[in-house]
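Order of writing sets the chain letters: A, B, C and D. Residues in each chain are counted from 1.
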Amino acid sequence: MFFASDNGGPTHPQILEAVTKANEGYRSGYGADAEMDRVRAMIRELFEAPEAAVYLVATGTVANSLALATLCQPWDAIFCTPLAHIEEDEGNAPEFYTGGAKLTLVGEGDKMTPEQLRAAIAAKGGSVHNPQRGPVSITQVTERGRVYSLTEIEALCGVAKEFDLPVHLDGARFANALVALGCTPAEMTWKAGVDAVSFGGTKNGCMGVEAVIFFDPKHAWEFELRRKRAGHLFSKHRYLSAQMLGYLTGDLWLQTAQQANANCDRLAAGMRELPGVEFIAEPQANIIFAKMPRALHKRLYDAGAYYYLIEGELEGDDPDELLLGRFVCDWSIGAEGVDQFLSAAKG
Amino acid sequence: MFFASDNGGPTHPQILEAVTKANEGYRSGYGADAEMDRVRAMIRELFEAPEAAVYLVATGTVANSLALATLCQPWDAIFCTPLAHIEEDEGNAPEFYTGGAKLTLVGEGDKMTPEQLRAAIAAKGGSVHNPQRGPVSITQVTERGRVYSLTEIEALCGVAKEFDLPVHLDGARFANALVALGCTPAEMTWKAGVDAVSFGGTKNGCMGVEAVIFFDPKHAWEFELRRKRAGHLFSKHRYLSAQMLGYLTGDLWLQTAQQANANCDRLAAGMRELPGVEFIAEPQANIIFAKMPRALHKRLYDAGAYYYLIEGELEGDDPDELLLGRFVCDWSIGAEGVDQFLSAAKG
Amino acid sequence: MFFASDNGGPTHPQILEAVTKANEGYRSGYGADAEMDRVRAMIRELFEAPEAAVYLVATGTVANSLALATLCQPWDAIFCTPLAHIEEDEGNAPEFYTGGAKLTLVGEGDKMTPEQLRAAIAAKGGSVHNPQRGPVSITQVTERGRVYSLTEIEALCGVAKEFDLPVHLDGARFANALVALGCTPAEMTWKAGVDAVSFGGTKNGCMGVEAVIFFDPKHAWEFELRRKRAGHLFSKHRYLSAQMLGYLTGDLWLQTAQQANANCDRLAAGMRELPGVEFIAEPQANIIFAKMPRALHKRLYDAGAYYYLIEGELEGDDPDELLLGRFVCDWSIGAEGVDQFLSAAKG
Amino acid sequence: MFFASDNGGPTHPQILEAVTKANEGYRSGYGADAEMDRVRAMIRELFEAPEAAVYLVATGTVANSLALATLCQPWDAIFCTPLAHIEEDEGNAPEFYTGGAKLTLVGEGDKMTPEQLRAAIAAKGGSVHNPQRGPVSITQVTERGRVYSLTEIEALCGVAKEFDLPVHLDGARFANALVALGCTPAEMTWKAGVDAVSFGGTKNGCMGVEAVIFFDPKHAWEFELRRKRAGHLFSKHRYLSAQMLGYLTGDLWLQTAQQANANCDRLAAGMRELPGVEFIAEPQANIIFAKMPRALHKRLYDAGAYYYLIEGELEGDDPDELLLGRFVCDWSIGAEGVDQFLSAAKG
């Protein structure tokens, strides 16, 4: 009953097999492996972007930071929501990698509207004294489990383009969003106006690999220098490549995302039937944020469920007080895992 | 006949098995996995350092950079040799991670003497205008394949201590040096005066894992913050831990280093018998730097040998011109691989 | 009729005289001048802080940035208001100098309350993933011309101390606030819990000099290294010292602040009588933010008044639309200057 | 008898007068003052560079650092001599401002040859692992008081152009060099291939002002953003402008340099007649490096002469031991000052 994160479960066997298969003979290091050639070709085809610059790194934090650093200058503002991973959960990595760009918060929660974005951008720049206007970073799936529609992404990118600013998409849960929207990777990115993507693998079944994709290859060499300077260029790069190869082969990445989303649907459906449960946002991908009475949380914790309380303390006098929990479903949890949780909830 | 690098060969099966074995069930992320508890205990025991702070990262460049950043201030000088990996091969990563510390070069090649180090340190500091005196970084095995003796390390650390400066040891090839010296990890590090170690796994049979060890645990929390801020804290950390676990279990790490060094001995012995070959330094671990006539290099390249020419061009008129080649033996190359190379050399 | 800024007027003659007087003979550079010894002693006495570390720099931006960089770590959050000069008007200098600390915005405008500050601090830190809790920066006079009372400063510092965090006071208009409160420098700073002060001279009659004061001298050497590394240590330092000497001698600094505040009082009193004028905050020092009908703004601009429109455009159809203007009084403007403006306003 | 530095003497009266004259009425801040318009025009005319971007800052360290940061990337190497001010005397400011570029040392002393430079550049770059090739920085007058000839500068710039690299000239003593060479500013800079200049005023009679000049105006906006972000944009900028105005008016800057060089010539001529004095380089501008017997140094110190011993200790047994002293003549020292020193030396 592990619902704490989508980084807690095992790697999908197909990915480990790809790693094992790549463990033969000698390879040139640092991204010059044959596996990487295949990965690059597959991602370009998947995104219908034959010119795209494609790179692999091992963590989502550095994927975001290196992408943003490549798209901006240290005197810029980066526009994101207050709940964005780059703002809250990356230990000032974006500031470190950009040389001190300023994260400027748009909206109140996990999503921004075009109007909010336009106002935030307009309020920056204007003179040498102010932070200059820099990239917009959109998180898809958001940090509250919601999914921007294609129309919403297009509108946000449209605002960025009004100001001639680039757009980054933090796709740590890219696959979960894509499956939820039922669209193509190209539609969710460059066709909507996105310039660079952090294309997540780690949360969706890999050991630790993310692709960074620039649709305009002019950024390629700068990215390579930044990655090296950060110590994020792997000498035995084939093991990153092999993970991504296993992930993409036979559309495994879409299958694992579908499983995770389906697990989440099943969990949400069950939770709706529990008394006193309130979703703070309609679950759309593989994460649920729900308020539940303290007594229910206690019952679940006592039964061994593992998830995070985002607001409120488990210990307290009032059994009916509503506490906010976060429930993340990864690909591996299965219908049984969900049902076990729901049984425990019913007591 | 791959002698280009010790990052080109496969991962040792025992390490991949450890990774596969760790791929069961759920784990807390970010270093809170049970495998890491075991790794920490094993490394502390191995180094006879029960209080040591022990961390894992995926590349040698970041191990060095984070260790140095933790030991120094941005206005400091870091003392190293002109051939040090941190100076030549890390794309200004040490400068990036330290916030602009200055690498100050000691000696002329791959090793420094205590006298050279003392003079270099004495020439820094003195006023607010000058770069201040910061950490000393020693590379063991050196970038020319040589090994500092324990006496040499003690002497260099002694000079650092005269100025109350910390010492970092870049041990990307720690195991190869240890096997060459026949001493204990403690003797080669803290007993000699070393404060922090980059303890390499990648070049010696792992996929990609290095430990950073501080013998004084006061550096622990700062290191953790620095690692996170760099995007080098792995969410699915168990896969780093498992590699290190496989590496240390049953002294595999010493076996692979012994194999690599033995391969190198065999290669060196064979090369000595070839006409016109000159070692620029006596091989002591798993790397040979040798000058050989152009004609010999050509014969080897034509036969499919893969290694780097460090000085000189393969194409040229004079078949007798001596060109400097670097020959690296990893654990996997085997006596057959060496003999195949030597046969090709003999034509 | 120059009300655009308190950096537009001339330097007070007494300060230029002090500079001219210092222009005799030879001096040791870099702060070792005799004038600096006197400045240090005077500021220590003024602040009743005999151990304080006292330094001079030439701009307010660098005074703030160096003070904050000395008080925090790059992985920290710095707590300030959304209108703070460090957030809006310093071109990401705080991020540059701190190595990427994150400015975290408290409250909605120019002031923060203890409750807002406590909530903002509590929301940071907690794990290695989050920005850590760092210094609080208070602006006195605020960017909307308001002055925190001693009780308010004590309360904010009290919240900082609950979390063991240091407090910086951006006193670009320190003297204007002090005169408005009628308290001592010690009461407005360390007695209230402030740890470091940017003590402004430039806006109050100097050419370009600010003191940075740390009440705990442990920060001294680090500050000196940071100032040097920034190119902000003046070789001919006596000209900074002399300005500050002229500024402090005979309490000139309090006189010029009193003049500026009195000019502002006179201007505010006159503006209150103009039809359609609304203050967005009660003027307390030397700056007024007032909404006035477009027609009135036009009349003033046509008459040669120079000040900034903060919101709204001078050109527009509706003569009655209220546009927000900022009116800053420096020490030199005089009753005549104010009356000239008011006459122009009356048409 | 102050020969310690050219930053110890007074400001030239004409410059103080210009400052005083500028102290009338109101000005727009931050470089939009009328004085700056005149300065820009004068410098463009002086350098025969009508398109040049011209900026003022207050210290030589930041002039160099901002110029270099604008010309390079953080992963670059900057080529300079081991004795360069940017290497030895700026507290890692170049590394700070460039975001961690690596100063790569060329030659053994204060000058580099084209051959040394070509070899140093050729040794960098080549792959993503290595520091990339960045700007060349030439110091004119050198840190040992020597002056590059125009032919030498052209040759060094020629090497830089072979690799398509920009050239920066650290002209803290630009005027002293120019007077020594008897050439035009254009000849010593862009006509020889220099791209950016730190044009010093402080050491040659100003209070504290340096111009940064880019002959290609494409760097203008980036420089302005960098200067602001560094807290080096003065609000009351007219006082920087006025200094430079006073400095340039009526060729004062050439007069003060001629005086300083003439003082130095007189001093050198006198020192040549003293027994046991050896120049380590032929004095060409306003600085002498001379070895003198300890007894002579002692006599001078006892008589109140103030200058630096660069090598050796004043106290010691051997009265004949040669100790290296540095003797700097500023514009103000006068023939009497020199003669007083020489009298003291004769005892």
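Note that a contact is a pair of C-beta atoms (placed from the backbone, for glycine too) under 8 Å apart; a residue touches a chain by one contact, two chains touch by 3 or more.
By chain, UniProt protein names: A, B, C, D = Low specificity L-threonine aldolase.
Note that the coordinates shown come from a computational prediction; the quantities given were computed from them, not determined experimentally.
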> Is the number of contacting C-beta pairs greater for B-D or for C-D?
Replying inline: C-D
> Of all chains present, which has the mean Cα position farthest from that of chain A?
Replying inline: D
> So how far apart, in whole Å, are chain B and chain C when each is placed at the average of its C-alpha atoms?
Replying inline: 51
> How far is the middle of chain C from the middle of chain D, if each middle is the mean of its Cα atoms, in Å?
Replying inline: 34
> Between chain B and chain D, what is the gap in Å from one C-alpha centre to the other?
Replying inline: 41
>> By the touch rule stated above, which residues of chain D touch at least two different other chains?
In response: 74-75, 90-92, 96, 99-100, 128-129, 225, 228-229, 233
> In the complex of these two chains, what residues of chain D are touching chain C?
Replying inline: 2, 4-5, 7-11, 16, 19-20, 23-29, 57-63, 65-66, 90-93, 96-97, 202-203, 207-208, 225, 228-236, 239, 306
>> Under the definition above, what is the set of chain B residues touching chain C in their complex?
In response: 30, 73-75, 99-100, 128-129, 132, 224-226, 228-229, 233
> In the complex of these two chains, what residues of chain C are touching chain A?
Replying inline: 74-76, 87-92, 95-96, 98-103, 105, 128-131
